[in-house]
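Next up is a structure, given as structure tokens.
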Amino acid sequence: MAFFKRKVQFNDDLGFGSAPVIKNQRVLNTDGTPNIERTGLPWFKFDDTYTRLVTMSWTRFFMIILIAYLIVNTIFAVAYNIIGIENLDGAKGTTLRDQFFDAFFFSAQTISTVGYGHISPQGFITSVLAAFESMLGLLAFALATGLLYGRFSRPTSKVSFSKKMVVAPYQNHTGLMCRLVNLRKNSLIDVEAQMYMTFNETVDGKLKRSFYPLQLERSKISMLSLNWTLVHPINEDSPIFEKSLAELTLAEVEIFVILTAFDDTFAQTIHTRTSYQDEDIEWNAKFKIMHYHNEAGKMVMDYSLFDRTEKVVIG
Amino acid sequence: MAFFKRKVQFNDDLGFGSAPVIKNQRVLNTDGTPNIERTGLPWFKFDDTYTRLVTMSWTRFFMIILIAYLIVNTIFAVAYNIIGIENLDGAKGTTLRDQFFDAFFFSAQTISTVGYGHISPQGFITSVLAAFESMLGLLAFALATGLLYGRFSRPTSKVSFSKKMVVAPYQNHTGLMCRLVNLRKNSLIDVEAQMYMTFNETVDGKLKRSFYPLQLERSKISMLSLNWTLVHPINEDSPIFEKSLAELTLAEVEIFVILTAFDDTFAQTIHTRTSYQDEDIEWNAKFKIMHYHNEAGKMVMDYSLFDRTEKVVIG
Amino acid sequence: MAFFKRKVQFNDDLGFGSAPVIKNQRVLNTDGTPNIERTGLPWFKFDDTYTRLVTMSWTRFFMIILIAYLIVNTIFAVAYNIIGIENLDGAKGTTLRDQFFDAFFFSAQTISTVGYGHISPQGFITSVLAAFESMLGLLAFALATGLLYGRFSRPTSKVSFSKKMVVAPYQNHTGLMCRLVNLRKNSLIDVEAQMYMTFNETVDGKLKRSFYPLQLERSKISMLSLNWTLVHPINEDSPIFEKSLAELTLAEVEIFVILTAFDDTFAQTIHTRTSYQDEDIEWNAKFKIMHYHNEAGKMVMDYSLFDRTEKVVIG
Amino acid sequence: MAFFKRKVQFNDDLGFGSAPVIKNQRVLNTDGTPNIERTGLPWFKFDDTYTRLVTMSWTRFFMIILIAYLIVNTIFAVAYNIIGIENLDGAKGTTLRDQFFDAFFFSAQTISTVGYGHISPQGFITSVLAAFESMLGLLAFALATGLLYGRFSRPTSKVSFSKKMVVAPYQNHTGLMCRLVNLRKNSLIDVEAQMYMTFNETVDGKLKRSFYPLQLERSKISMLSLNWTLVHPINEDSPIFEKSLAELTLAEVEIFVILTAFDDTFAQTIHTRTSYQDEDIEWNAKFKIMHYHNEAGKMVMDYSLFDRTEKVVIG
């Protein structure tokens, strides 16, 4: 017995297979990444390291740079001491601790190419090491520049999805709606949205995971200026027509929203996704209007109302 | 009563809703950005800050860098003085003012990694701070590089739209025309244009804002070499057929021109937009021809004639 | 009387209008840029300056950087001397000439942030200027980085067109052919070509410039591995069917070849163009085959044969 | 006699011509590059050098930078010695060897802009050379930054193809399958695959190379989350229906797999290809399933199973 009406057959385009989903294990995380654990990969992959450095938070990124700076300088400080601290002309430390820090600060001055010169390298091996370290400093700098620019120029999620979906009156029936907004000042053009639903259903006596598209009343706008409410009309053609929240919960429903747009400030196509589970759907509610004309006649958009909903009575 | 003939129904693809527009409140600014005020957002957003730094004018950008440089050096100068100016070997200042500037210039030499060394850090805490500052200098440099490259590589508006639209004779009727030109030497290919009109009209007794496309005699050219005049033929199929300027003004008409092109110097797709209001339309005028063959037979394009129009008598 | 058979009407998609062309004034240069002189523009435009710096030859680029370095250091050297050379501690010059060079080299050490420190700034104004100059050095460096990366990452013309077109036997008739080759090791995918012809013809008693597409036997290949010969079959459907070279010359014929491809090393779409005039067409010749299997069975591609043709007798 | 059933004629879109292939000379290498030797090109091409520097391995890249650093410093060291080592104030070397290294380390300190200053330039010519070298240092740094960022931002092969193809049961017949997986954490969207086959066949008594597409059971998925098995059903419509491995080997079969996807972390379209020869096909085997739900219900993907196959008995 198929749980939902099968109006449009849909293949599993997300590549998750048809194994049924266990409670509270979403297919996609709310940030649109697949909810998958990965094993069996080499523990260090340069490319993945780069991707991680580019996508991590700014705080973490700066912490890692700071720690790397400390570690590299410590290694060089130890090396300069092993070669002989007497080769660092101007280093005045007499205890081991002071000699370590003399070498540490000399290293920092070398790798950052600041090179005050009150401590300077003497002797062949120390000079070679210092010459190598300053070259390394240049490369590290180049690396940092590349990483920073990589972080900047990456098309980050400029689009925010409402935390909840609502089921609100729509034409003669109701509609399943989510809202989205552009948090940046740049313009998004040729914005396209798709909505999909996945749930467990019994087909030929076997519980499996099915995927269906949810038709949108409008799936494309040419410019995202204010906000945009995506509406899936819950009419006879909808797979969730006349379904209750309890039924959706039982079937482990998850709804995907996929968005494509062109960012004309950076000439980049952006893709962004989110997913909603049954507990994210608010029934008999609608989104508060978040734009109005002010006294001067100018359109005002109040972002603080973005996630606000209000109850409605559905006929 | 619908004000204009409804030949082609058009949905509000710009997401501005259907509230009527109040006098002189354009929907789009002439630079193509939406005329919207935004509230309710956090006052600082890193990503938006980046976008702003990349899109602001060069003068403002350099002023901000200069001011940031002064502020950061002031903060470090104060810090070096708090730790103790005696830790800056070579600093000769005896008054508080001179000591501040000694520390200030030492800070500048450190953060820029110039490090002359006539002032150099002594003692643990000062050395740590200087090592940290030089690392910060590297990162600030990397940041500046990223911002500068971001500014360069951004697909800026290479296309200029004429300040005015004209209504000139076209075939048996008239045409609503605007002209555009590529201000750069690079080539724009696969250039596509669209024209839309928005105005207030009374539908079912309610004043609302409507959007209509305006058909173009030609909407695509394969290469923008000289200039291009967009022509909307004002014939029976046009929503502004037999409308007067007064009627357009009353309906708060606004005309959008949207352009897409491929810039083959930088391999980027560029989008650019503008909008015209009723006061930007010049009736019974045409654009002056801005290209000619010189005596050697070579095509010459005179950009100073770009916005020039001349009166014509219409039938 | 129309000069050529008008099988396919073609609009002037290159935006050059319909004025007839005077002898030896090509519409496109061989590098694909429009052959247009531009006047009436402001003499300095930042964006165009950037484009020029990114597209000029490497020799010229490095010369400009060297000259800018000399000029900036000269200006600062003069400024340091005006403030007072005694503020540069360590400068030993006694003659005006030596003092200028002391300041010049101090400036070079400051702007490049090398800062040896054997000459160091003293006094408030000199220190301020040196602090400002080192900041400028950082920015100049950032600028140079941006320009260099801009030069690298720009999708340069990786595709070379043969210098000549040939008219060679093709099926039962002849074909107008040009050859193209990828000079780089990267792969070009989804390669598409178009051929157009423009010439003067008399329409309704008036000499005008017409544009026609020339059908290609094949206009798309999925990968450009070796070389590709574009063939326009000169059959009954061709506008140059049974035309002689003299007739083409009289009509000021120019043939455009436009190529689009995707470069998968840099994930960029590239566009490239060239144009041929009547004197670039070699009749009764064909291109020498430039690839063969060597003794080990491996495919070898000999680029030195790229522009080589050999005479053929056309039936 | 045509060797294979000619269900769909296919043109040679890869531009390799129709010469038959000699044993073990693949058309494409496994990394998707054409297996071609190139001669007749100028030995040095700047653009190709850049491409090579960006695409080579990290180890080789850093070795080249290190060697270039050594060579440049050696050249400058020789130059400083020719001008006269006495112009390097602070250089204490008395033997030729020591004087060379003094100049070498001074050069390293100048080009890296570390400039300690314990060795400093004196005299006009040495100062000019040092000023020039520090400018060169800045440019070299800029170059390194550009190269490093070029390496990072390049869309590298994130997709791995299985080493072997398998012929496994599929519906009522068998299927020719290969598997692919995304090795990175980023998401690949709008993933499209194509499969082609090339082999020697005798047409009109002449041995030539033919190209055929192999239809895929599914050629597009909207997101590559886990792994994806491409299946070419070997049914009546397949050119390899009822062919044995021996027949494929005789015909020098080579199978191409071409993949296109959009990487939404870097907003780039990526293309990747591979090729399989007859010895890469495993008959009567299938790929081991590499994902499962762990005890917490979470999807786990084990990459170590990626290339594992298991024997199956085909009906």
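As written, the chain order gives the labels A, B, C and D, with residue 1 at the start of each chain.
Everything that follows uses one rule, which is that a residue touches a chain if its C-beta (ideal position, glycine included) is under 8 Å from a C-beta of that chain, and two chains touch if they have at least 3 such contacts.
All of these numbers come straight from a predicted model, not from anything done at the bench.
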Shared interface numbers for chain B and chain C above half of all numbers used, same, or below, different?
different
Counting only C-alpha atoms to place each centre, which chain is farthest from chain A?
C
Going by the touch criterion at the top, tell me which pair is linked by more C-beta contacts: A-C or A-D.
A-D
For chain A and chain D, let me know how many angstrom lie between their CA-based centres, rounded off.
27
Geometric centre distance via CA averages, chain C-chain A, whole Å:
39
Can you list the residues of chain C that touch 2 or more other chains?
109, 113-117, 137, 141, 145, 147, 149
Under the definition above, what is the set of chain B residues touching chain D in their complex?
113, 115-117, 145
Enumerate the contact residues on chain A facing chain B in the complex.
58, 62, 65-66, 69, 73, 101, 104-105, 108-109, 112-118, 137, 140-141, 144-145, 147-149, 152-153, 156, 158, 183-187, 189, 218, 220-228, 262, 264-267, 291, 293-294, 296-306
Given the complex, residues on chain C that touch chain B span 11, 13-17, 19, 21-25, 32-41, 45-48, 50-52, 54-55, 89, 109-110, 113-117, 119-121, 124, 127, 130-131, 134-135, 137-139, 141-143, 145-147, 149-150, 154-155, 258, 268-272
